[in-house]
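Could you have a look at this structure, given as structure tokens, before my questions?
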Amino acid sequence: MTNHWVDIKNADLVLIMGGNAAECHPCGYKWVEEAKAHRKAKLIVVDPRFTRSAAMADLYVPIRAGTDIAFLGGVMNYLLANDAIHHDYVANYTDFSFIVREDFAFNEGLYSGYDPAKHKYDKSSWDYERGEDGFVKADPTLQHPRCVYNLLKQHYSRYTPELVEKICGSPKDKFLEACKLIAATSSPTSAMTIMYALGWTQHSIGSQIIRAGAMLQLLLGNIGVAGGGMNALRGHSNIQGLTDLGLMSNLLTGYLTLPNQAEQDYATYLTPRAQKPLRPNQMSYWQNYGRFYVSLMKAWWGNAATAENSWCYDYLPKLDKTYDMLQVYELMGSGKMNGYICQGFNPIASSPHKAKMTASFSKLKFLVVMDPLATETAEFWNHYDEYNEVDPSTIETEVFRLPTSCFAEEDGALVSSGRWLQWHWKGAEPPGEAKTDIEIMAALYMRLRDLYKAEGGAFPDPIVNLAWPYARPGHPTAEELAKEYSGKALADVMDPKDPTKVIRKAGEQLAGFAELRDDGSTSCGCWIYSGAWSEAGNLMARRDNSDPSGIGQTRNWAWAWPANRRVLYNRASCDVNGKPFNPALKLISWNGKTWGGVDVPDFKADEDPAGGMGPFIMTPEGVARFFARGGMSDGPFPEHYEPFETPLGYNPLWGKGKGQVQNPAARIFDDDRKALGQADAFPHVATTYRLTEHFHFWTKHVRIAAILQPQQFVEIGEALAKEIGVKAGDNVKVSSKRGQIKAVAVVTKRIKPLTIDGRTVHTVGVPIHWGFKGVARAGYLANTLTPFVGDANTQTPEFKAFLVKVERA
Amino acid sequence: MVEVTRREFLKVTGMTLAGSSVAMLGFAPETAIAEVRQFKLARATETRNTCPYCSVACGILMYGLGDGAKNAKSSIFHIEGDPDHPVNRGTLCPKGASLIDFIHSEGRLLYPEYRAPRSDKWQRISWEEAYDKIARLLKKDRDANFVAKTADGLTVNRWLTTGVLAASASSNEAGYITHKVVRSLGILAFDNQARV
Amino acid sequence: MALQSLDIRRRSATTTPAPMVRDGATPDVAKLIDTTKCIGCKACQAACMEWNDLRDDIGKNTGVYDNPLDLSGQSWTVMRFAEYENEKGDLEWLIRKDGCMHCEDPGCLKACPAPGAIVQYANGIVDFHEENCIGCGYCIAGCPFNVPRISKKDQKAYKCTLCSDRVAVGLEPACVKTCPTGAITFGTKERMQSDAAERVEQLKTRGFANAGLYDPAGVGGTHVMYVLHHADRPGLYSGLPADPKVSPLVRVWKGATKPLALGALVLAAVFGFVNYVRTGPKEVEPEDELAAQREKEQIHG
Amino acid sequence: MADKSHGPDLILRHEPRDRVLHWLIVIAFVGAAASGMALFHPALYWLSNLLGGGRWSVILHPFVGIAMMLFWVPFARMAWSENRLQPYDRRWLSQIGDVVANRDDRLPDIGKYNAGQKLLYYVMVACMIVLLLSGIVIWRRYFAASFPIGVVRLAGVAHAVAAFVLVLGIVVHVSAAVWVKGSISSMMGGKVTPGWAWKHHRLWFRERIRSQGTR
């Protein structure tokens, strides 16, 4: 989230699209109801299903699963055509005026630079033109045909309301009603917030859908303001934290990235990451990359990390490609992996294509599962009726199942979707012999370290030299670890303006990332968390909920990254002179000397607005990008592509047999391409989702939740039910090219057939949540049906739009 | 004979009378005084925590047995929303409101278990045995498959044959130490649940 | 506002008044359920089960979202989902939290034959005391909303207590506290009525011309009230009765009939007794025997 | 009375089987009525103690009622023919004042049962049928849930009304039995003196005497 949950109450319009906040985030959704009740806000819900969120909406617009870019592109076209944009904002805070290179092109759905053999783009043409001063060329008059504004306008001029209706099946009148409501928030004193979740992410075009939403918000000037923003709801309690902490194939902590194998030395690694400004007097905060990196390496390898060894640069593994989940299971399936550790994760259920998952896991030599609950993954080898039809005697994998504590049995911090780090306290001992994840990881590490110390082995250095400064090495405490990632001074830290002045004494906790140094004098495990545990103590544990401004900025409640900032890009809530666009919802302002207000300024605190520094300090341009440059794998502007399993077989943007149908850069392996179904055999569009009564695959172990929603079902509309001769409560069989499940049919008015380019398309709702373990009635894992296709940028599987056939069981 | 039957008759018909006199003597069942159920949290220990499900991150209050005295062994018996929390203000969704059944789920794992190749059952093992076996398997695989340099001489120091999937609900601290350990081993096949 | 035995307004099957000298600050409380804010998330159901230590059976899906499908001894509140297509052709998902309405004039209490099994506290909460319950089920017949249920486990009647134990120590009911969207609120009845009026005005400006408060007069008003988008048609909300009253049959049965019938029985017995005393027994006199003998002989001649 | 009951010429009024049934019905009635009345009016709640308290009353009442029905059906069938209304019953009824005032000599001659008894019989038939049917409908444990709530409510009223009428009838019946000396002993020992029969049921007396004539 750029903003945070309570801030939603400041919105004048709420767009819930690609999410179902009322159902999946009910307690956060309450702030939408607050906005409706106290600001007369309106709520628009765009969803293939009439969800619980839709039930609360002032306007519900149905949409075909996977066509959100067409919809959002249509809205952008409406705004540009009707000039309903926030002019001051886009002119000064975005790349509207920047001129794009002449060799950038877009033809029939493909951007310049595509290599069809590799399914990849060469992105070099997706860039701005540079002037002789090295800075980006701009045309403030917006007349240049290749300025971003004109390219954008041209790109989305194709997305007419008629086309939107044709692709999305959204009735034109409803679509235009939505456009009108949205357009009204281009006023500087009116804000729309967008709330989205995996309904946008889990598509082969997921990242671009989200980008389209962000672009829409930029056009309206709704980023950085109270009641605005792009708000990812996030589905797991600490998935924000674990991503912040970089627990992904290609990341280090704080969104630092691992080196690619071509980057053989530190300088080669650092230069492209510590980008210099692309426009005059811009902050380009990533210029400080080196400080973050060095402080991290000092936290991990302590005294072993020195300037001479480039702070243990060689200790870091180097990437040849990204080893995301889909890639890993592909390798596993081809026998290239031997071991796997699943920590509190149930991939057999959570990853697409269960049959492939089971086959892949069966090729492992060993699997270690750490979990508080008995997961399906830990028992992928075990036969459970028709729900897991495997033969244990043919599966060689050794499996370890290690019991862990749950939330109630440990201290620590979790990061909410509003980026708040909140400390929690242990209330009881774990049951039986269960242990915390920290203890287990420490024990495994110490075993390995001792083995490497005793026996040697492959490159033992990073293991034996890992800093392990914990009072009881087998039991690092949450407090010790939190202090470590927050960071401390290893030597006295000096004031850059006055090198004789010590601003932080050796051994003290740092107050924030401004105190980080790249000379080895600071240690910080995660730069964006720097200051969470300062000399003032554990700020994540703060519980002062006072809200003096009345706009929900409880600054002394817990701690938000970065720097306890509650609304990201809040400099953009003020005009070029530093005055708030909407004084009633002032976050910060310029008082002539400094920036201040009810939020921590996302800006240089003493930077005079007259200097022209842009509000988007993390980009080298200092402004937000409509034109993504090389930031995306699949194009600088979002473009509608059909889901990999399309009910049409063509892209209505171009017509039958023409143009690019699917995302040309999406993640798909050859075998999985063969496992894609066609509309003739699998005519119905399925989408998977959560129900409000359940949480993922956990709550089927929870008795009350099992009582509230005991049995697996699928949702179909009345028309489809009639067509296949099914009534509510009957059993149906749902099959895809990859497998089939049986479930009870919930027949509902809430799912209506859509007319897509003249043909009727039925949507089928497949809730996840059931499986072969738990106290709820046993069911099929919903991923039996889903395709092994991933987004081009994040490799997120396409769970939200695929083809099935529903029949009477 | 008639005398007897008469007495019997009297007995039967007199039962109602007898009943009434018994009642008058005070043998009627006490009509319990109508009071509300006792408030069950009176002196329970309150611990503040965060709901482990979605990222709204609602504050919760956990009520545990005992007052924290050394001899009192806590067990959480009730959970409700934290009214001080700025986001949820005491509310909880159906999942949060049923957290107590997660803590005490019959699906909770209690001790380390091991499944041997081709076996169809779990066997209980000790933590020591589990750690030893796992560490040995990890080292064996790493030593056998660690790539220090590629064929074309690039230093890569990576280990690709073992992967780690990190949690989505473990604390920052657990995540941080997991990352630290995993990268020190050179693992790249590393992911979390951000996408699913 | 701790409640105790002296804070009782009505008590089932009790012919003498409850202690009623107290008349202080204990206000009439009420729960207001705003169906226009309800998302049907069932958090209230979960919180109810959790607080009251209730665990119903793990049931089945019958083709609808409703689960458990109906109230029971262990499900004191359930969400009822209705899909309604309005005049404009737009779908409305009308979701109603069903459970005890805590009537001011409770039919269950009226019907209950067990002394003290049902009480109404001074704050208006109608509570069942299962230790006094005899499991006859008359409360079910007495309830105009068809709410009480006899548990299969112990054959006693159960329903929502409005968390009388929480309210007694000054807390809000569990369902109220948990409600994520604020669709359920709790306070004095007066406050709830004024909040409802405000909300109804808001709804009228948002296109619900018939929005209104459901606080049916037929049962003397209720301590659980609904804000409805369509207050003119409560039946849309899974059959919420438009004008609930304690059934006239129940009124007859449990009203005037009781003393009248009892009086009649007593009168009959008294009459028999008085008549006996006044006229003396009908005895067979020796002359009757003689007459019988004579006639017998006559017949047998 | 006692000396009359073993005279050599006593007349058999009630067969042993009928006497047994009668008293079984009485026992069942007392149980059902006490428990039923306990639930009917709070002032009679103490009657529930007869069957062991309110809960036991609710549990046992329907079973006791069923038992009463089971005893009553053969009993009623036996008495069916003797309870047919005859022309003299109307006269007897019209002279109810004489009945109450013990001016029995003015009453017409009647058969085995007088009109009052016959009316009680029919009232019982009606009440027992209503009680059985309505009782099933409101039998919470097994059946009530299968009936619509309106039917249950109606049955509740019907059950109460029928029970009231029945109890009222029984009050009259018991009063009469106590009042008419010799009645109770006849239901105990089965026999009445010829004088009793002659006095109260003269037509029946004659019929009995005539049939004895053949012995």
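The first chain written gets the first letter, and so on, giving A, B, C and D; residue counts start at 1 in each chain.
We take it that a contact is a pair of C-beta atoms (placed from the backbone, for glycine too) under 8 Å apart; a residue touches a chain by one contact, two chains touch by 3 or more.
Remember, it's a predicted structure, so these values are computed and weren't measured experimentally.
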Chain pair with the most C-beta contacts: A-B
Chain closest to the assembly centre - both centres taken as Cα means: B
Where chain B and chain D are represented by their mean Cα positions, the distance between them in whole Å: 64
Where chain C and chain D are represented by their mean Cα positions, the distance between them in whole Å: 38
Cα-centroid distance, chain A relative to chain C, in whole angstrom: 50
Intercentroid distance (Cα basis), chain B paired with chain A, Å: 28
Chain C: positions in contact with at least two other chains: 41-43, 45-46, 49-50, 115, 132, 180, 182
Chain A residues counted as touching two or more neighbouring chains: 26-27, 30, 692-693, 703-705, 708, 775
Shared-contact residues (touching 2 or more other chains) in chain B: 81, 88, 91-98, 100-101
Chain B partner contacts - residues on chain C that touch it in the complex: 3-5, 8, 11, 41-43, 45-47, 49-51, 115-116, 119, 121, 127, 129, 131-132, 161, 164-169, 174, 177-180, 182
Footprint of chain C on chain D - complex, ascending: 4, 9, 38-45, 48, 53-55, 57-59, 100-102, 104, 138, 140-141, 144, 149-150, 152-154, 156-157, 160-161, 164, 167-168, 171-172, 174-176, 178-182, 193-200, 205-206, 209-210, 212-213
Residue ranges of chain C in contact with chain A within the complex: 37, 39-43, 45-46, 49-50, 55-65, 67-68, 83, 85, 90-93, 95, 180-182, 199, 202, 205-207
Touching residues on chain B, where the partner in the complex is chain C: 31-40, 78-81, 83, 88, 90-98, 100-101
Chain B residues within the chain A interface of the complex: 45, 47-59, 62, 64, 73-76, 81, 84-89, 91-103, 105-120, 122, 127, 130-139, 141-143, 145-146, 148, 150, 154-196
